Structure formats: structure tokens, C-alpha cells
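As C-alpha cells, here come the structures.
Next come two complexes, and both contain subunit A; in the first it sits with subunit B, in the second with subunit C.
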Partner chain A sequence: MNIRPHYFNLAILFFTGLILALIVFILITMYIRNRRGGKLKKWKLMANLLIRKAIFFEDDGDNNKTIQLTQRTHQLLNADPHFRELLTGELLNARKNISGTSAGNLKQLYLQLSLQNFAVERLKSLKWYIKAQAIQELAVMGIKEQITHIYRFTNHAKELVRMEAQMAVVKLYGFEGLRFLDVVSYPITEWQQIRLLHELSHTPAENFSGIEKWLKSENKTVIVFALKLARDYHRFELYHAITACLPDHDPDVRLQAIITLGELYRDDTAALLISRLLKEDIKHQLAIVKVLKNIAAEQDMPVLLDLLNTGNPQLQLGVAKSLAGLGPEGMKALQHHPLADKHPLDQIINQIKSEVAV
Partner chain B sequence: MRILIAEDDDLMRKTLEFRLKRDGHEVIVTQDGREALAKIADHLPDLVITDIMMPYSSGLEVISAVRQKYTQKIPIIILSGMGQEEVVLEAFTLGADDYITKPFSPNELSVRVRRFAFMGAA
Partner chain C sequence: MSWQTIITDIFTYCILGYSVLLLMCYVFIGIYSIGETNNYLHKNSFTDYRILAGSTQAPSISILAPAYNEGANIIENVRSLLSIHYNNMEVIIINDGSRDDSLDKLIAAYDLYKADFFVNQQIATKNVRGVYKSRNNVYRKLWVVDKDNGGKADALNVGVNIARNDYIVCIDVDCILEQDALLKLAKPFLENPGQRVIATGGVIRIANGCEIEGGRLTRINLPKEFLPRVQTLEYIRAFLLGRMAWSRLNGLLLISGAFGAFDKEIVIKCGGYDHRTVGEDMELVVRMRRYMEERNEPYKVAFIPDPLCWTEAPATFKILGRQRNRWTRGTIETLKFHRVMFFNPDYGLLGMVSYPYWFFFEFLAPIVEFTGFVSFLVFSLFGWINWSFFLTLLAFIFSFGFLYSVFAILMEVLTYNQYKRQKDIVNLVITAFLEPLIFHPFVVWAAIKGNIDLLRKKNSWGEMTRQGLSQKKSSN
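Showing the complex of A and B:
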């Protein structure tokens, strides 16, 4: 093939131009990146210095709790939302790690910089993640004044907004914050329940009210959570309200009621659970026998021996363990059961014996 | 007192450094477990303050390595997050001497460090 030199030269020119354009583009991008990187580094340094100043701030005794700020900080804060974002992020990070007087100083700095106003503005955002972030920010900084804004979001349609708002009210008001359970109509996920209980574990336990009402909630997840609260805070006075949840049509409520009764039990709890056993599915039956292992007494022995006749090996294992848990008498009764030398009970008994030996 | 800090969070590291220097201690700062172990070998500090969650080598690995490598007792204070009880127990099993839960007060840290300084001098 014969290529004309004219076209060849044009092609060389075109590709050389293209390469040069690419090099210029890369250089410009690198320059912008470096500049931005340098700026960010400088801002981070400024933010850190400011935060350290706040952490170690000591008022002069005349109740003058104002942290001295430079004009430049104010200017940057008002002019550059990126700087504000960076400073807020650093402040939040510091607040999560610092407690005591220094934490109070960090809050003072946050308020002095009017950062809460920007957070309140972000609560109005149509983007759910910005809303959720703002809620979290106000909670971490302990801005109780915004509780009315935050409380409204505890039953928000968007799950993450709702979760952050529920966490925030508990963080800010402890057990009192749980009043959102009166109105929440959306389900409270298992994960959210764990988070809430964890947050409450940092609050001094007090005889808070409301559980009885929540045990009768229309929202089944609220009942489950209330049962967990009753269990964790040993609310024995709610025994009857808890047993009233045993026949609930929601399987999660029934399961949690069984588990809770494993902690808050009386003399007649084992008999009550045994009476429920044959009405339940296998998952709940296993939960009941697990509880029975700890709470059954000698008077329950005949019923437990009867339950060994059920055909399910898992259930038989659970019941056998409950019997063994009653001591030598229970073990003896287990070994004298008519099915004791038949499969699978023979193996179950051997397993229990080896466990006892260990 | 010569104190080595192992903390990956910039702000926390600088805050600790500032506070301890203000209390009159000589402070060596490191950003991760690996750097901490190298600097412990170089400087033989009188006290180590280490975060648990760090890149390369965790605080637990630092404690374990220090206890295995050095015959002299270097006190170690760990910085742990809330709800890390199991990690704290593991740290004590490995040989940590004290722990501070985040969020913590710099004043509290200062008092705890002073206690070790006093014990070292006694």
C-alpha cells in the first residue's frame, strides 16, 4: 500500500498535538490537585490547632468562656463551605475521643463558630443522607436545644434518618429520649435495637417509665424492644405484662417473651412455658427448652419426661438437658425413661454424660 | 519521663503529645504499631501509650511484642473505644498495665501518667 507523504505528515502532526494536549492536561490536573492538597493540609493544620486550643482552654475565672479565634478562621468559615465541613468533621472526631471539661470546651467552640446553625440548615435538606449527617452531628456535640427538630425525624419514612434521630434523642436525653417509642410506626430493626441498648448502657440506669405501654404497642418491633428493656433492666414488676405477650400472634414477640422470661422468672414460669410448648413451632419450642434448662424445678420433672416422647431429636436433646440440669434426680429419671436405650435418646444421654464429666 | 505514643489519629496524637509535653515529659510519637515497635527499640521509653486499633500492627501486637522482647518492665496504657471490654481483657492478659476508654479526659490521662511516673521513681 502506498501512503502519500502529505497524509503521513498530517497524521504525525495530529498525534503530536494530541500527546501535547494530554501532557498539558495532566500537568494542569496535577497542579490543581497539588494546590488543593496543599490547601487541605493547611486547613487541617488550622483546624487541629484550633481544636487543641479548645481542648486545653481554661477560662480566666470571670466566667469568660470565650475561646479566642482569629479573623481568618471566621472569614474562612463563612466563605468556604469545604473548610467548614473539614473543621466540623475534625471537631466531631475530637468530641468522640475526648470527655470531661475538654469536651465541654469543644462544644463551646462549636457553638462559638455557630456551626449548629449550619447543621440545622442541613436538617432541612431534601437529601436524606445530609439530614442524617446533621442529626448525628448535633447529637455528638450534645446540642439539646435542637431536640424538637430532631424528635420529628424519629418516625421519618427514610430508615437511616429515622435511625439517626432515634439514636440522637437517646444520646441527648437517655431513657427519657425513648418516648419516641410511643409514636414510632415504622419497624425498629434488630440492628437499631442493639444500637439503642448499647447507647443506653452508657446512661446511668434509672427507673424509667413507659415499658408497660410499649408492651402493648401496635408496632410489634416496639413490643420486642420493650421486652428487651424489661430483661436488661430487670423489671420484675412487669412479669404479667411479659407473660401476656406469650400468646401474641407475632412470632418475634413470642420468641422475645420466652427469652425475657428466662431472665425474669418465678416459680410458676417453667410450668407456664411448658403449657405453651405444644402450641409452638419448633423454633419456639427449642427456645422454651433452652430457658427450661435454667429455670425448671423438680415439680416440672413429670412433664419434661413426657416431652421426651416427642419425635424431634433436637427437642429431645433440649428436654434431656433440662432434666440433667435438675441434678442427680433428673439424670436418674432420664436414664430410666422407656426410650432411654433407643436411638436417638441413648446417644443424647451419652452426650450429656460426657458433658457432665467434662 | 520518656513516653511513647502510638496513635493513628492525627488530632488525638497531637493532643496527647501536647498535653504530655506540657506536663514536662519527653514524648515520642508514632502512627502505627510497626513504627511504635521500632521506636521502642531505639528509645526504650519509660511508658507506652497505645491505641488498640491501628494499621500494620495493632495495640495488642505491640503489647505482646514488648512483653516478649524486653526483660525490663515498660508500663503500657491502652486507649480503647467504648464497648471493647473483651479487647481490654485480652490486653491485660497480654500484659497491659492500665487502660483509658475513649472518649477520655486529657486531665485524667495526665493523672494516670503521673501515677506511673511516681511508681517508677519509687
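Showing the complex of A and C:
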């Protein structure tokens, strides 16, 4: 054996040293954490007292009146960045859950403590999560002065920075903030779309513009988002622009257009969707059938009955539900279908009957 | 040079080469996982899961929970599942032909009636005897399916056939979920445009020793017994290091059967769970990945490091042996079914890295270790052992293993820090020291038995008797 045990001895020594170092590091970390735990509790209490004071603060019409701070708070703010971080965090949490005058008071406290200066400084950080945190902080506290900076980040290469900047402009400017959709070249994830729609739901819906342009965007995720906006804000005047999305080559756009038409439909929508049915894959066919359940009318009955002949039981179930949705006539037609007593339609009809009974 | 020396040298070099390669993989996994965990923790600090909980746009989820003779705890377990924070979901309990009174208990507790329900047999399964719904609107999310016994894979396939939502979450009925577990598991499906997320997994933790009330975990404790405690360490190592690194590579082959979410459409297109294997959880993930690779569709199997699900670990060697025996058979069966991918560049990373890693370092590792041990006995019997070199090598391997475990403990402390008392961490370090001496040899032996059982064509699951977590306030 030519391998020298010497090398292994060195490796063993190295591993052992590393093990000891890691164990010591773990124990010291835990010790510091446990010690800091007590201090953090005290600080948290101080921060919460201050926040409570700010929430119930009344300026009696005197705009120059400031929220009184204790000497200890002043000292800590200047001396300990950890305390500043904690206080900022607590302020943000409180601000997220409070609106009205109290929210304004929290902003006043934030400005009084000059915390926005630290956030602006962090906007310049090269670390994406620090930059994103700063954007979120400024947006939550409603600091509009940095909007030019923040707006530039709405198409930032780092996903989180981009997402927080998009949220910030919407938080600060409502529907007007959506103008970033004109230029955004990166995809807007479904998660981000949910967040944006949630944020917009807190803003009074004016007759905002832009959807028509976004429906023609090069960015397919912008089209999907625009379709959701049209649906949520009942923009019936965009009907033709929405139907124009039905033959789009992107499956997500087509799916969203189908779902949107389920909310913004006209007399001819059912026929239009039925005409698309056979050109689509099963996922989109099922989406169409689901929409038809709510919008199909008696004149669509012959086509629906014809669709029962497709071999796919899932589709048959959907079509049968659409027929049942047409009322007693639809149910009767369903039961008289030539396949009505054959599997699987017989079971499907039984299920629908029992659902109707419940 | 005598022939004995040649034989021992060749053998030693082979084993050494294999070990060094394995250790290098571990070093890579350990380091590579740090970035992924860090990235996730930073991203997660921006996430307000409440938005998803209330959103009508949240992915629709069907929870599938197979139950076989779970009568003792079934009512509590179902209640726990129904109380999960997620709006857009249904809970499907599949009674897999239980011989106890599970179904009767469910009918009585949840006021169930047998509903007319068309079961679309998209995946072939054993006979479904009935589908039950509750008359009480409070339990409108609950479906109970009664079927002929066919095993876990068959029960899950019935669940897939019945599920009406886009995503399925497969769960062991006796697992305890964190309140926000579904929200966290669902989010990756919304985050990757241009790349379809076909499955998501989360960290499973050991619940032995923890305090549980009303199906909820109220206090986390480190298990007092050695076996559950060593499995706690093993799970931390596997989930926080191994799976995070594989997730970063997008090479994950396994999402635990105890808790994982899947894209239903792909599951159905793949033919559902394979009931020919006892490792149906791994097999499904491999098949789904293979399906996507063969169609050249961009995809991802996501993994999140949050502890989402707590489960009871085997507390006796007998039960642990059965579990590890089954895991070994499942791994080998899966590798065998998909052997076409072995070093096959058509399957990209899956064929060139993930599959070979599992083959060499998951399937072969216990065999190599066992062979090494037997050879050691033979060589020492014939006096062919260079004892000083042998002891040096042993110390080398032992110290590396210990270091890797301590590193995993460090990661746990720096990230989720579930065990807050210093005493617990010291206990974990002691456990890490003892693991290679007591636990590891047993696990290797169980894996060897798994190999033998597979050769004998034994394909039973092996009874997994549990002490039960919800029966008492603190279980151990």
C-alpha cells in the first residue's frame, strides 16, 4: 500500500479541529442568542410602547407637535443599529395592520426618528434582499419622495427587487402605479399577480386606463394580468380585446381569456367558446365547459348534446353539468341522450341528479 | 509482491476511491445547500402568506390521505386536516379496505352519507365501494372514499381519480402539519413562469417527544429516546443539506411520501402511483421527471426547507429495520424500472447526475460497506490487515461523518433553530458521535436485508406499528 497514512492523519486532525471549532461556534451562537433574547424582549416592549403612544397621539391641530420619546429610546436609536432594526420592523408590522389617522401617526413617528434616511441608504445596497427590504419599508410607510428611484427598479434583473418595486409603486400610487406594465420585460409570476391584485383591492377602483394596451403586450404575463384586471374590475367595454386573446399561441393567455369571458360575457360568448372547443387541448376544453355551465343558453343545447359523444368522461361530466344548468329542459335532454343509459354517462347523470337534489 | 498483497491493495484502493468520491459528494452537497437555504430564507422574509390563504386565485388543492386500520386516531387526524389554513382545498380520506371500524367512526363523527359520485377511472385501481360526503356544511371540504384493499399506491390513485382540484397533496393521515404548511407548499407552483413546477416537497421532522394537543404541535422537544433522536439528526442532515442541494441543482429524485404536492395533470399523464413498488413516492417523482424530460418540457421539482410536517419515527429496532428494508427495496425497484436513464445524456442532469448518484451512493453504499466489513473480517482472520493503516482510515471516515453531522446541526441552529435549549444541541452532538457506532451499522444491515428480500421477491410493506402521537400529550 503506497498511500501514506500521514495524509490521513493530517485530514483527521483537520476534521477534528473543524468539529471542535463548529461545536464552539454553535454553543457561542446559542449563548449570545439566548442572552440577546432577554434584551430583545425589553426592546420589543419599548418599541411597542412607543408605537402605542404614536397610535393614540393627537396633535390638537398643531402640526409641529412631535411624539415624545424617552431619553433611553434616543440613546438606543443612536447607539444600537439592532434596536433601530427592531423598532423599524415593529413599526412596519403595525403600519401594515392599521389605517386612518393612526397610520398617519406611525408615519410621523417614522419620519421623526429619521428612519427613512437609513432606508434610502439601503436602497443603494448591492445585496438584493437589503435593497428589496428598503423598497418595501419605504412603500409601507408611504414615503413617496423616492418614487423615481423605486420606479427604476420595477424592471430590475433581480426578481425580489423587481417584485417589491412593483408592489411599492402600486401601494403608493394605486392603479396609476400599474404603468410599469408598459415597460416590464421580465415575467410577472402568478404569485406577484396575486399580490398586486390584493394590493389593488384596497384602492378605490377608478376608471383606470391601460388595460387595452396591456392586452396587446409583448410580455405574455402582462396580458394574463391585464385579463385578470379586466375580469375583476368588470371592464365590459374591453370585450373585443379579450376575445382577440382567445386564439393567442400562449396557453396561459388563452386559459385566462376563457376564464375572463366567463365573467364578462355577452349573448354570443357561449357560441364563440364552443367554436373554439375542438381546437383546444383537454385542459382548455374543460375550462370552456366550466364557463359554459354558467353562460350557455337554450340555443346552445344541440351543440352541447353533440359534445356528449366525445369519448372523454371528464369532458362529458362538464358538458352534462352545463346541460343540467339550463334547467328542466336541459336535464330532460340529457336524460334522453342515446348514451344516457350507458357507462359513464349513466353514472354522471346519477351524480348530477343527486347534486341537484342536495 | 505476494498475491495476497495484490488482492488487498486492489480491494483497498477500490474502497478508498469509492469513499473519497462519496465524501467529495457530501462536501459539495453541504456547501451547495447553504446558498439555496440562504436564498429561500431571504425570499421568505418578504412573503405574506395571508394573501394566499384568502385568495381565490390560490392553487386549488386536494389533500389525499390514505388510511388503513387507523380507527384509533382517524377522527382527530381528519379534524386536524380540516383545520389547515387554506381556502381553496378539499380533503379526501381514502379508506383502503380497513378491517377495523375506521369508516363507521368517520360516518358517525362527520355525519356522512353515501353520495352518487362518478369516479373517472383515469388511473386503473381496485374497486371503489362508495364515496361519502357530509350532510353538515361545516365539513363540506371532506370526502371519504371506501375501497377494496390495494395498498398505499392504489389508494392514492383512487384519490387522484376523485380529486377535483389542480394539485394533489399526498399525506400520511397521522402526520401533523404546520398551520401554514399548505400555503408554503403551494407557493412554488405560482413562482416559476416558463418552467412548470411538477412537484413540491417540504421538510419532515420527527414528532416523538413533542407535545401535541388537538392535532396541533404545541411544543417542540428533542426525543429522549436514542433511536428517534438519531433519526431527528438524520432528517436534519437529509433535508437541510441533501435535498436543498439537489433542489438547487434541480435534480431532486425524492419527495417524501409523508407530505408532498404534485401537479395532478402530470401525475395522471404518467399513470399515477405504481403499485408494483414499495417505494411509490420516489418512483412517482422519477417517472414524472422522466415524462417531462422525454417531452423536452422545462420543469422543476421544488423543495422548501421549512419544517412543514411532523411525523412519528420508529422507536424500536424492529420497526426501524422494516422501514429501512422497505426504503431499500423501493430505491432498487425505482432504479430498475428507470434503468434506461443511467448515464443517458438524453435525460440531461437526471440521467447523468441524479440517477447515477442514487445508483452509486444510495443503492450501492450499504453493499460496499457490508462487503468492506466482511472483507475486514476475512482479512483479519488471515492476518492480512495493516492495523495501523486500518485504524487511521477508520478514524478518517468516522471524523468526516461526525463533522458532516455537526455541520448539519450548525445549519439547523443558524436557520430554523427548532431545538432552542443548549442541552438539546449538546445531546444532538453526542448523538452524532454515537450514530456511526450504533445506528449506522443497523441501517446498513437493514438495507442488506432489503436487498436479500428483493432477490427473494418479497414485496410486502412490513407492518409499521406506531405508538401514536395524538393519544397523549407528550409521546416518546
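Convention: the second predicted complex is superposed on the first by the 282 of 358 C-alpha atoms of A that agree within 3 Å, B and C clash if a C-alpha of one lies under 4 Å from a C-alpha of the other, contacts with A are read in each partner's own complex, and residues count from 1 in each chain.
One rule holds for everything that comes next: a contact is a pair of C-beta atoms (placed from the backbone, for glycine too) under 8 Å apart; a residue touches a chain by one contact, two chains touch by 3 or more.
Computed from a predicted structure; not experimentally measured.
Applying the stated contact rule after C-alpha superposition, one finds that A:103 touches subunit B and leaves subunit C untouched.
In the superposition on chain A, contact is made by A:317 with subunit C only, not with subunit B. By the touch criterion defined above, A:354 lies against subunit C but remains apart from subunit B after alignment on the C-alpha atoms of chain A. In the superposition on chain A, contact is made by A:19 with subunit C only, not with subunit B. In the superposed model, A:198 lies in contact with both subunit B and subunit C.
Once chain A of one complex is fitted onto chain A of the other, the partner contacts of A:190 are limited to subunit C, with no touch recorded for subunit B. Once the two complexes are overlaid on the shared chain, A:56 sits against subunit B while remaining clear of subunit C. In the superposition on chain A, A:283 makes contact with subunit C only, not with subunit B. More residues of subunit A are touched by C (comparison of subunit B with subunit C). Common to the subunit B and subunit C contact sets on subunit A are residues 198. Residues of subunit B touching subunit A in their complex: 9-12, 14-15, 18-19, 22, 82-83, 102-108.
On the subunit C side of its complex with subunit A, the touching residues are 8-9, 12, 16, 42-43, 45-46, 48, 51-52, 55, 57-58, 115-120, 122, 187, 189-194, 265, 386, 388-389, 392-393, 395-396, 399-400, 402-403, 406-407, 409-410, 413-414, 417, 420, 422, 425-426, 429. Put simply, subunit A touches subunit C in their complex at residues 1, 3, 5, 8-9, 11-12, 15-16, 18-19, 22-23, 25-27, 29-31, 33-34, 128-129, 132-133, 136, 160, 163-164, 187-191, 193-195, 197-198, 221, 228, 283, 313-314, 317, 344, 347-348, 350-351, 353-354. Subunit A contributes residues 44, 48, 51-52, 55-56, 90, 93-103, 198, 202 to its touches with subunit B in the complex.
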